[in-house]
Each structure stands twice: as structure tokens, then as C-alpha cells.
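The same chain A turns up in both complexes below, where it pairs with chain B and then with chain C.
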Partner chain A sequence: MRQRLINRRPERRVGVFLAALPFVLLLIAYSLGSDARLAENPSDKLLPSFSSIGDAIERMAFTENKRTGEILLWVDTSASLIRFVSGLLIATLVGGFFGIITGLLPYMRASLGTFFSVLSVIPPLAILPILFIVLGLGETSKIALIVLGIAPFIIRDMILRVEEIPSELMVKAQTLGASTWQIAWRVVVPQMLPRLIDALRLSLGAAWLFLIAAEAIASQSGLGYRIFLMRRYLSMDVILPYVAWITFLAFFIDWCLLKLQQKAFPWFAASRSG
Partner chain B sequence: MPKLTKILSLAMAAIVAVTMVTTPAAAEKKESFKLAWSIYVGWMPWGWASDQGIVKKWADKYDIEIEVVQFNDYIESINQYTVGAFDGVTATNMDTLAIPSVGGVDTTALIVGDFSNGNDAIILKDKSELTDIEGQTVNLVELSVSHYLLARALESIGKSEKDVSVVNTSDADLVGAYQTDDVTAVVTWNPLVAEIAAMPGANKVFDSSDIPGEIIDLTVVNTEVLEANPDFGKALVGAWYETMAIMASDTPEGAAARAAMGEASGTDLAGYDMQLASTQMFYDPAAAVEFAKSDGLTDTMEAVRTFLFDHGLMGDGAPSADIVGIEFSDGTILGDENNVKFRFDYEFMAGAVAAE
Partner chain C sequence: MTAVTLRNIWKEYGDNVVLERIDLDVEPHSFVALVGPSGCGKSTLLRMLMSAEVPTRGEILIEGEPLPADPTAERGVVFQRYSVFPHLTVEENVLLGLELQTSRLSCKLFGGAKRTAMDQARSMLEEVGLGHALKQYPSALSGGMQQRLAIAQALIMRPKVLLLDEPFGALDPGIRAEIHVLMRRLWQETKMTVFMVTHDLSEAFHLGTRVIALEKDRTRPEELERYGAVIKHDLDVWPPKLSDLEAHETVDSEATDDI
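For the complex of A and B:
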């Protein structure tokens, strides 16, 4: 009998080929478009050739800047990563703490549940001026924007996940004589930690978005700062490598979180694939 | 593998489609044109002229169509022009040189609309002298005419950009930013200047009237399109100066036009007239022609291209600011005469003088 489509799996080599195919097609499309535009106008900036992108990478990532003596890509990357990681850490701590206590305690849920639901739908970019005047234009407001952007999502996700804990588990802990504190610390928190990583991974995209938005508004360095500055002069030869670099960083951070989850909570990965 | 071939051919079709879309149209005789403009005191007439049917009237006269499109984002409008989506755009002399001209798009300044005569300013908080700016953090839109104004101001007191620390700040957030404690110096343009200058402790210490005629607001068009279709240029110039005549007139009609332009830019007649007061408008085409012919323009473009070159905006690996040629209306060329990409041409405006 013919195998069903849902059971047919590509061999390893075919798999690699299929994974590479969309990227290769994208590159071919780019180079055709770029060649066509450069034939019309050799100075075209919209779709620069691979060699001018190469020059831009050389200039931004490996050569000291003439005016500042710094290597711009690294300056931008470290400035952005410090903001990004601080924002993620704070959002995780805040989100994990409030999410768990709100999900666990009916009184907290009664008072804060609706508040967090409302908070999570306020677009943080719309209240930026308030953020500036309260926190200033420096690093604090950029980190705060990331936290405000993703913490409400993490909180709501944690509340839902706490509610999903099988009631048998809670009842059992109580019949064994556990106090609220013991249940929280010994049952709920261990269950929630790997799920917190899940929530964090799902927030990464939004966190990048808020980081770049914050850097576009007022800054002296950062990946988003450079992209918006270069956009003023349509320097796509710099912007495209920066976008590729951001994509790589985001992918890498996501991968690190996945590995952390697998290493620290092997039981969770096992239960999921089950 | 028939399936794979099918997928591949579909993908190729998509690629071809993408390529077609992104290829700029070659210059040829054509009948419909697109002009992009953005909100700024000196460019509001385009929106009004379009609403009033003045642009259409002139386009009909030459049997062509002109679509006038408003952009909310100034830089995006220039970028769209540069990639070939528009035949003309409103831009300053500096941005025209740095974006389309350096980007290889041969561009002609068809209409010299005005120059900033106080519309761009440096504002210090609680300090009243330009020399106080030394050592301060300055918030501005980096690489914009504000940045140019700062460079010229620092030059005038024998300082350079090394003596201050520049923070790139979006124009949309400058007014809010000024109200925070850590912002003590800003450079921006109207209507933001008026808004910030009205706040406590704000002092204008330098403005564009200190460098008159250097920040010029133009309506520029693609040179190849203009050469193949002079009617496009004639229609634009005709519509512009008809609008200028109405706007400048001291009649209820003129006041109504200015009030409508003010409203469209988020203010009212009084607010708009105040912005016009710090703008040297060329209502009369003869004055614009005279300005386009003047020697001062060459000095201005020299200062502008030096600023752009110092900031790496004349292209990567450019050995000097000479890489792009700028042709003035008397035929003299600044920079590479084999690579002229920016032209000041007063002939169309002179046509409007003759028509009067």
C-alpha cells in the first residue's frame, strides 16, 4: 500500500536540500533584481550588489571607524545586547513572579487579573512620551519599553499555565499536608520554570521590535540606531547585513533558550515530545 | 520529479515578477507623472494646488496627467523618488545631493521654492550664548539639515562637532524629549522650533537666518524624465506660480489659501503666517531665477558637499566630495563633470517669468 503523505519523511540529504532551497531562491531573486537595477543605474542603492554589501561588512565589522576609532558593528551590538538582555531578564523576573502568584491565589487574581489583561493590550509605543518624561531619554527608558512590551504577555501566559496544573496534583499536595507556600515553591514553581522559558522564547520577536523602536527614538549607538540612521540615506548595503546579523542573534538567543530548557528541565522536553 | 520542476518554475515566475517590479522605468515620452511632497511650510502649496484643481488645470493644458501624493515621512518620499517610484519630489538642496544624486539618479532642481530664514534653529535650555553649547549633549535628527546647521554654527565659533556630543533623536519625539531633565540642547525645524522656544528656559542661540540661503527647499524632478517630457516641467512650474500668486496676494482669497495650508499642516492662519515669516519664499519667479543664478549658490553647495563628505554621505570609498558633479545654471560644474547628477536649471522658472 502506498504510504500516506503525512508519514513520508525526507531522507537526511533531501532534508538539508529542502531546508536550503527557500534561502537559495531568495538569494537568486535578490541577485536578479539587483543586477537589473544596477544595469539601469550603477549607483543604485536599493538593491546593492553582493560585492558592495561585502565592502560594507568589511567597513562596519572589521575596520575602525575614522571618526571614532571604534568598530561600529561591535559597538552597536554590545549596546543593543546589554539593553536586550537586561529587558528580558527584568521582564522574566517580573512576569514569572506576578504570573505565578496571580495564577495561584484567587485573591490576587480577583484584584490583578483584569488589570494585567488590560495592561497587556495597551500599545507601549503610544505612551512613549510619558515614559520619556518619567524615565528620561537614557538607557532606563529603552529597557523599560522592552519590559512594558513583553512582561504583560509573560504574566498572562503564566496565569494560564498555572491554571493548567492538573487539580489532582494540587489536591494530592494538600492531602500530604503541604502549605500554600510549600505548594507554590515545591509544586508550582518547578512546573512553571520551563514554561517561563517557552513564554520568553515566544516574546523574543516582540522584544526585538521594542528594542529597535526604542533605539530609533533617541540614541547614540545600537543596531536599531544604525539601521534608522542609514535608512536616511538609503544605505541598504549597510542595512541588509545588519538585518541578517539581527536575525542571526535572535535565532541564536532562541536556540540558547531551547538548549537551556532541555538541559535544566529534561523531564519537560520528554513530556512534550511524548 | 515533476513536482519539483513545477515548484521551481513557480518560484522562477515569482522571481521574475519581483525583478520586474523593482526595475525603474526607463526615461521615455509618457503621459502620466507622479510628484511626491511632504508636510513643510514651503511645500504646503503643492497640497493646496492639488486640492484646488490647479495642478490638474495645468496638466490638462499640456495634455498630461500629474498625480500629487502626500507623504507623512519626508525621507521616505525622497527614497521612493530615488528608487524610481516618483518623477519628482520636494526636498532640500542637501538631501537632494545626498540621496538621489549620490544614488546615481540625475536630478534637476526645477523650482527653487524658498530658503529657510530662521525656520531651523539651535535651542539651549537655561543658556543664552551659542558658545555655551561646548561640551553639551545635543539632541537632533542626525544627518539632517539640523545637523548641518549645528556644524555651521560650531564652525562660526571656531569649534567642531568633536566639542559636543550628538544624540540622534526622532523629530516626532523632540518636543517631549526637551521636557526631560537630561536634554539641554536641541536643533530642529519649525513648527517644532516655535513649540520648544515657547517653553520656559528655552533660548534660540543660532538659526538659519545666520546662514541665509544655505538651506534651500526645492521641487526636484528626474532629469531624464524632464528632458523627454518638458511639458511635465512646464505644467508643474505653471501650477506652482499660479498658486504662489494667490498665496502672496493680500486678499481674502490669499488669506483663505494660507489658512487652508496652515490647517493641513496642523496649525492655523496665524501659525502658518508665523512660519512663513521665517521662510524666504520666492513668490515671484523672477526672484527665484535671480537666486538660482547667484554666485552664493556655488559657495552653499560647496559647504553642503563638504559636510556630506565629512559624514561619509558622498558614497563609500569616495576619495573626495568631487565624486558627484553639480551643474549650476551658468554651466559651471562643481565636482566630476563626467558624473553630473544634480543640476540647477532656471529655464522653466524663467518661462514662468515670460508668461506673466
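For the complex of A and C:
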């Protein structure tokens, strides 16, 4: 009998090919489109040719600025990454802390549960002006936007995950003589750390959104700043590689978090699938 | 050696009466097997004994004292599932109780104290036949091994009362027989009082010194919610395993096993 579609899996090499296929198709479509437009109008800027993109990459990523001696791509990347990572770290610490104690302590839940639910539906971009007014246009307000943007999600996710711990385990810990503090420290926190990484991975997309928005609006450096600056000159040859670079960074950070989770919490994958 | 007394226990969830008029005097070092149809409130009774649930009416006494409001280390538990901590290895699971007991703040032991605790944990694990799996995580263990781990974890605290909720329900007969032998031995060595919920009557009579059957008195559909389960049968198992053991101890008679 023929195997059902849901049970048929590609072998390894076919799998690699299938994964690469959409990217290759996209590139082909792009180059066809680009060639067609350039044939009609050689000064068209919308779909630059691969060679002019290559020139732009050379200019942005490998050539030092004559005056300052800086390489623009690295200046932008490090400025963005510092903001991004600080925002993520603070959001993780704040989110993990409040999420866990709120999920664990009924009194905390009674007083903070609704508050966090309300907090999480405020559109962060709507309070960006407030952040700029209160914290100024410097780094603080950009990091604060990332934190305010993703911490409420992390908090709510952590509350749910703590509540998911089987009540049997909580009773069991108490029958081993554990105090509230000990249960938090030895049972809840260790079980929440890998789930915190999950929550963080899910909020990476939102974090990038807030970072680039903040950089686009008020900044002198950063990947988002550069893209929005180049828009004025219709420099698609710079914007496209920058977008690809941001995509790569986002993907790489996500991958690192996944690896960290697998390395640091070997029990987690097994207990989740079981 | 711990006596447990239940005085006129009722348990209701909203309008649903689950248990009513439960009166029970349990002698020290008894092995009480609780049986009854599914949903009759066996787990509920056990949860009340571990202070995870409060009786609607009535009181529970342990050695004449009212039950504390929280679960305590005096009353160990083993559930059918979720009894062991997935983020700790076999060894750490057993060590945890000792660590929590002796180090209130950091929850970790160091140096000599750590070594003593490790030895204790290892010999307990040897005893339940898990000496070879110290570094494994529970997810890598079979069901029977997980339950043996849960028993070791509970027993390292030297509880006065052990509460078991269908602890061997999911095990195959061979492994179950092995664990029965282990359970019997540990019960006799530690002198604890055991309550065990089971669906298996032969297990109940094999391990128990006393078998208690819970069941609803009224079975008409419209009455089901209004009336809870009561103690329908209360049987002492013969030959009495307890006095048999004590005979061993006092007279040191030749080993006549009661099975």
C-alpha cells in the first residue's frame, strides 16, 4: 500500500535541496525582474543589479570612511546589537522575575495579574513619544522601548508556564520539607529557565521591530537608522543587503538561543516530547 | 509508629458530595489499601491526608494532633505520575530532600555534609535497584524505574506516613511483583504507616494489612451528587502481617513468611 503523505519524509539530501529551493527561486525571480527593469531604464533604482549591490556591500562593509576611519556596517551593527542585547537581557530578567513570583504566589497574582494583562495590551509604539520625552533621545529610550515591548509578553508567558507545573510536583516538593523560597529556587526557577528561552525566542521578532522603529525615528547610528536614511536616496542597493544582514542576525541569535537551551538544559527536550 | 485518625470527614465540591461520614482509626504501622470504583474519592481522601485538600467537615489527627495546614516532610507521597522532578538526575532527585532539610537558604550542600548525603542517597538508590542509573534524567527511565525513584525520594525523608496514589498502576505484572517485594520490605524496616490507593484487589490484599472499600450508598442517578461515598467494607487482612513481623523481632522465631 502507498504510504500516506503525512508519513512520507524526505531523505537528508533531498531535504537540504528542498530547504534551499525557495531561496534560489526568490533570487532567480529577483534577477529576472531586475534585468528586465534595467534593460528598459538603465538608471532604475528599484531593483538594482547584483553587481551594484556588490559595490554597495564593498562600500558599506569593507571600506573605511576616509574621515573617521570607521566601517559603516560595523558601526551600525554594533550600535544596534548593544541596544538589542541590553533590551533583551533587561526584559528577560524583569519578565522572568515578575512572571515567576506572580505565577507562584497567589497574593502576587491577586494584585499584579490584572495589571500585567492591561500592561501587555498597551501598544508600545504608542508610548514611544512618552519615552523620548521622559528619557531623552539617547540609548535609554530605545532600550526601554524594547523592554516595554516584550517584557509584558514574557511575564504573561511565565505566569502560564508556572501554573502549568503539575500540582503533584508542588505537593511533592513540600513533602520533601521545602519552604516557599526553596520551592522557588530549586523547583520552579530551574524548570522555568528553558521556558524563558522559549519565550525570548518568540519575542525576538517583536524586539527587532521595536529596535528598528526607535532607530528610524531618532538615532544617529544603527541598522534601522541606516535603512531609513538610505530610503531618502532610494538606495535599494544598500537597503537590500542591510535587510539581508538583519535577517541573518535575527536568525543567528535565534539559533544561538536554541543551542543554549539544548546545551544547558539537556533534560528539557526529552521531558517535553515525553 | 504513627496512628492516624479520621473523624467524620466530609468532602464536597460545590454541590457535589464526594465523601461523607468517613470515620477511621488506623493503628501505627498499618498498611491501609484503599479500593473503590473510579471517581469515588480515593484520591481526594489521600489528598486530604497530605494536606493538599481541606475536608469540608471533620478532622484528621496524626498521633492525636490535628493535621498541619500544609504538606510536611512527615508525610511522604508517591503519585502515579509527576512524582519526580524532570530537571534533576536520579541522584539529585533523591538528594534534594536532604539538601532542603539541612540547608535552608542556599539549598545546596558542600564538603563533608555533601558526602554524607550522597552516600545516603546512593545507598537508598541501591536499595531500590537504581544504583546503575545515578546520572540519568527521569525522562530516560522506564515507568517502573521512575516509580522506584519516586519511592526512594520519598523514603529518604524517613516519613512517618507514606501516601501512595496508584503508584504501581501503570507497571507490567513482573515489575509490579518486584516492587511489591521492595515495598513490603521497606514498610517493615521503616515502621511507617502506609495508605495506598489501588485498583488492583489482589495488590490490595497482598500488601495491605487492612483493606478499605469506598463506595456510594445510593446509586440512583438523581441521588449521585447528593450523597458521597462511604466506607463500604473494612477488612483486616489475614494472616496479620504486622504481628507476624513483631513475632520475628521479639522471639526471633524461624522465618515463616506469610505470603
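By our rule, the second predicted complex is superposed on the first by the 269 of 274 C-alpha atoms of A that agree within 3 Å, B and C clash if a C-alpha of one lies under 4 Å from a C-alpha of the other, contacts with A are read in each partner's own complex, and residues count from 1 in each chain.
Please note the rule applied: a residue touches a chain if its C-beta (ideal position, glycine included) is under 8 Å from a C-beta of that chain, and two chains touch if they have at least 3 such contacts.
Just so you know, these numbers come straight off a predicted model, no measurement behind them.
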Original post:
Is A:32 in contact with chain B, with chain C, with both, or with neither (first, second, both, neither)?
Top reply: first
Subject >> Contacts of A:218 with chain B and chain C, given as first, second, both or neither >> reply: first
Original post:
When the two structures are overlaid on chain A, which partner does A:178 contact: first (chain B), second (chain C), both, or neither?
Top reply: second
Original post:
chain B or chain C: which reaches more residues on chain A?
Top reply: B
Original post:
Does chain B (first) or chain C (second) touch A:137, or do both, or does neither?
Top reply: first
**OP:** Classify the contacts of A:59 with the two partner chains as first (chain B alone), second (chain C alone), both, or neither.
**Re:** first
Original post:
So, A:233: does it touch chain B (first), chain C (second), both, or neither?
Top reply: first
**OP:** Using the superposition on chain A described above, determine whether A:271 touches chain B (first), chain C (second), both, or neither.
**Re:** second
Subject >> Which superposed partner A:208 touches (first chain B, second chain C, both, neither) >> reply: neither
Original post:
So which bits of chain A does chain B touch that chain C touches too?
Top reply: none
Subject >> Complex contact set, residues of chain A against chain C >> reply: 166-169, 171-179, 181-182, 185-187, 190-191, 265-268, 270-271, 274
Subject >> chain A-facing residues of chain C, complex >> reply: 50, 52, 70-73, 75-77, 79, 81-88, 96-97, 99-101, 104-105, 107, 137-140, 153-154, 157, 159
**OP:** Would you tell me which residues of chain A are touching chain B in their complex?
**Re:** 25, 28-29, 32-33, 36-37, 40-47, 52, 55-56, 59, 128-129, 132-133, 136-138, 216-220, 225, 228-229, 231-234, 237
Original post:
Considering the complex alone, what residue numbers of chain B touch chain A?
Top reply: 11, 14-16, 18-19, 22-24, 26, 75, 79, 82-83, 98-99, 102-105, 139, 142-144, 165-170, 173, 176-177, 179-183, 313, 315-317
